[in-house]
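Each of the next two complexes has chain A plus one other chain: chain B in the first, chain C in the second.
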Partner chain A sequence: MNETAEVLRDFLLAFADDEHLMGQQHTEWIGVTPFLEEDLAFSSIGQDELGHAVLLYEIVCELDGVAPTDAAIDALAYSRGAEAYRSSAFTEYGTTDWAEALIRHWVYDMVEDYRWQLVSESTHPALASAAVRAQREEVYHRRHAAALMDSLIATPARPELERGLVVVLTLLPSLFAPVAGEDLLLAEGVISRSLATTAPDVITHIAEMFGEAELGQVPADGRTIRSPHFGPLMVRMREVLDLDTEAVW
Partner chain B sequence: MSAEVLSTAQETEVLRAIALVDDPEYPGVSIVDLGLLEHVDVRNGVATIGLIPTFSGCPALAMIADDVAGAVRAVDGITTVVVTWLTSPAWSPARLSENGRTALATEFTVAVQIGSSTPTCPLCSGPTVEQSMFGPSRCRAVHRCESCRETVEVMRG
Partner chain C sequence: MATYEVFLKKDGRDEYRHAGALDAANDELAMVMAREAYIRRAEGSRVWVVNREHVLEGGDDFISPNADKPHRHHDGAEVAARRKRTREAGES
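Moving on, here comes the complex of A and B:
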C-alpha cells in the first residue's frame, strides 16, 4: 500500500469509526427516550449512521484487497485493538443524559454534513458515491435535530440544553481532529478541504442558537489516542458477540 | 441457437424469478415493483444481479439478497448467482412502479411521497400531515389524514 493509500485508509477509518460509534450511541436510546417519536427517530438515525459506517468500511476492505463480506466488515467494526481505531472522544463519550444526547445529535449531524461535502467530489469514486447516498439520508437527521432544538430552545428546557452544550463543546475539538498526513489527500483531490476548516462555521451555527460558543484546541494526535470512554463502550458493543465469538448469525 | 439469444431468453426467465421475490416488510409486493432491481446480466450460466437498497442501513438487505439468489438459482441453466448491493444510483420513491404504489396503498395503507409533494391518504385521497418524521422502518414516516383522520405510513426518500 502506498503512502496516500495508507493515509486514505486512516481517513476512512476515522470517518467510519465515528459513524459506527455514533450509531451505536444513538441506538442505546431505544426504549428509554422521553417519548415514542424520539425512540423511532434515534433508532432510525442510528441505523443510518451504522449503514454509513458499512459504506466506508467497504472501501477500507477494497484498499486492503479483502472481499467486503459481513465477516470482514464486522472484523473492522468490532475486532481491532483500541490503538487501531480512529474514532474521536466526541463519539466515544457515553451518556445517559438526554440533553447531552440531543445536543450531540444536533452538532454531530451538522459536522457530518460538512464531512460528506469534503468527499462529495472526491477523486476516489467509491467515496464520492457513498457521499451521494449518505447526504440524501442526512437531510432527515438535520431536519429532526433542528425541529427539536427550535421547539425546545425558548422553553424551560433551555438550561438543560445549555448544560448539555457545555459537555458537548468540550468534546467537539476531537471531532475535527485530522489523521496524520491528511495533506496528501488534499493534494490528490480525495478530499476538497480539511474538516477542521469547517469548525468556524459550526461554531457560528451553535452561537446562533445559544448566543455564544467557543471551540478549544483541536488535538494534533492524528486520532491515535482513545478516550477513557472507549473501553466501556467497546464492552457494551461486544456484549452479545462475546457470549459466543464463533456463533454464525 | 446463438449464445446471445440463449442468454436473452434466460435473462427473461431470471427477471421473472426476481419479480416473484417479495419485500420482507410487504408480503405480496415484489422488490421489482419497489424499484430495488437495477440490472440483470446472464452470461454462460452466471447471473449477476445488481440491487439498490432503499436506505444504506436497512437491516433486510442480507435477507433480500438471499431470497433473490435462491429464486434465480432455481432457473434452468443458471449455475452461479452473484447478487450485489450497488452504492449508486441512490434509491428514491420515484422508482416505485404503478403496481407497487397501488399494492402499498390497498394492502398496507401506505402512501408514497415523491419529492416534497404532499402524500394523499390511500383510503380517502385527503391530504396528510406529517406526525413523525421517522416511522416503523427507516423508509417510512408517520402521517395523519386531515380528512378521515386515519394514520397513514408514508414511504419516502
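Moving on, here comes the complex of A and C:
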C-alpha cells in the first residue's frame, strides 16, 4: 500500500468509526427516548449512520484487497484493537442524558453534512458515490434535528439544552481532528478541503441558535488516542459477540 | 401537543388511505415523526398529515337517518326484497 492509500485508509476509518459509534449511541436510545414517535425516528437515524459506516468500511476492504463480506466488515467494526480505531471523543462519549444526546445529534449531523461534501467530488469514485447515497439521507437527519431544536429552544427546556451544549462543545474539537498526512489527500483531490476548515461555519450555526459558542483547540494527535469512554462503549457493543466468540452469524 | 392523522398514498391511482395517528408539538414535527412512524419502509410514496382539529366530523345522529333508505342502494336488491315482501303479504 502506498503512502496516499495508507492515509486514505486512516481517513476512511476515522469517518466510518465516527459513523459507526454515532449510530451505536443513537440506537442505544431504543425504548427510552421521551416519546414513542421520537423513539422510531431517532433509532432510524442511528440505523442510517450504521449504514454509512458500512459503505465506508467497504472501501477500506477494497484498499486492503479483501472481499467486503459481512464477516470482513464486522471484523473492522468490532474486532480491532483500540489503537487501530480512528473515532473521536465526540462519538465515543456515552450519555444517558437526553438533552446531551439531542444536541449531539443536531451538531453531529451538521458536521456530517460538511464531511460528505468534502468527498462528494472525490477522485476516489467509490467515496464520491457513497457521498451521493448518504447525503440523500442526511437531508432528513438535519430536518429532524432542526425541527426538535426549533420547537424546544424557546421553551422551559432551554436551560437543559444549554447544559447539554456545554458538554457537546467540550467534545466537538475532537470531531474536527484530521488523521496524519491529510495534506496528501488534498493534493490528490480525494478530499476538497479539510473538515477542520468547516469548524467556523459550524460554530456560527450553533451561535445563531444559542447566542454564543466557542470552539476549543482541535487535537493534533492524528486520532490515535482513544477517550476514556471508548472502553466501556466497546464492552457494550461487543456484549453479545463476546458471549460466544466462535459463533457463526 | 396536538393529535395528527396520517394518510398514505401508494403509487398509481390508489387513493389516500388512513394509516394512523400521532401526537406532535407542531406541524413540522408531525411531518418529521410521521415519516419514521408510518413510512419507514416506504409504505406509501405520498403523505398527508392533518391536524385532527382541522377535520370536520359528523356524528351518528347526523348520519343515522340515512340508514333506512333502501331505494338509494343502486343495485336494487333491497328494493326488490321489500317489494317481494309486500307482494307476498298482499297475497296471503
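Please note the rule applied: the second predicted complex is superposed on the first by the 249 of 249 C-alpha atoms of A that agree within 3 Å, B and C clash if a C-alpha of one lies under 4 Å from a C-alpha of the other, contacts with A are read in each partner's own complex, and residues count from 1 in each chain.
As a working rule, contacts are C-beta pairs under 8 Å (C-beta built on N, C-alpha and C of every residue); 3 or more make two chains touch, one makes a residue touch a chain.
Since this is a predicted model, take the numbers as computed values, not measurements.
Participant: Is this a clash or a fit when chain B and chain C both end up on chain A?
Facilitator: Verdict on chain A: clash between chain B and chain C.
Participant: Of the partners chain B and chain C, which touch A:D48 in the superposed model: first, second, both, neither?
Facilitator: In the superposition, A:D48 touches chain B alone.
Participant: Counting only touches as set out at the top, which of chain B and chain C does A:A134 meet: first, second, both, neither?
Facilitator: The answer is first: A:A134 touches chain B but not chain C.
Participant: Given the touch rule stated above, what does A:A126 touch, chain B (first), chain C (second), both, or neither?
Facilitator: In the superposition, A:A126 contacts chain B only.
Participant: With both complexes overlaid on chain A, does A:D70 touch chain B (first), chain C (second), both or neither?
Facilitator: Only chain B is touched by A:D70; chain C is not.
Participant: For A:L40, select first, second, both or neither according to whether it touches chain B, chain C, the two together, or no partner.
Facilitator: After superposing on A, A:L40 lies in contact with both chain B and chain C.
Participant: Looking at A:H144 after the superposition, I want to know if it touches chain B, chain C, both of them or none. Which is it: first, second, both, neither?
Facilitator: both
Participant: Tell me which region of chain B runs into chain C after superposition, given the options 4-12, 58-66 or 148-156.
Facilitator: 148-156
Participant: Output the chain A positions appearing in both contact lists, the one against chain B and the one against chain C.
Facilitator: 36-37, 40-41, 44, 140, 143-144, 147
Participant: In the complex, go through chain A and note every residue touching chain C.
Facilitator: Within the complex, chain A contacts chain C at residues 35-38, 40-41, 44, 140, 143-144, 147-148, 150-151.
Participant: Using the touch rule from the top, collect the residues of chain C that touch chain A in their complex.
Facilitator: Result: residues 22-26, 28-29, 32-33, 35-37, 40 of chain C touch chain A.
Participant: Can you list the residues on chain B that touch chain A in the complex?
Facilitator: 55-59, 62, 87-88, 90, 92, 131-138, 142, 157
Participant: With touch defined as at the start, can you tell me which chain A residues reach chain B in the complex?
Facilitator: Contact set of chain A toward chain B: 23, 36-37, 40-41, 43-45, 47-52, 54-55, 70, 126, 129-130, 132-134, 136-137, 140, 143-144, 147.
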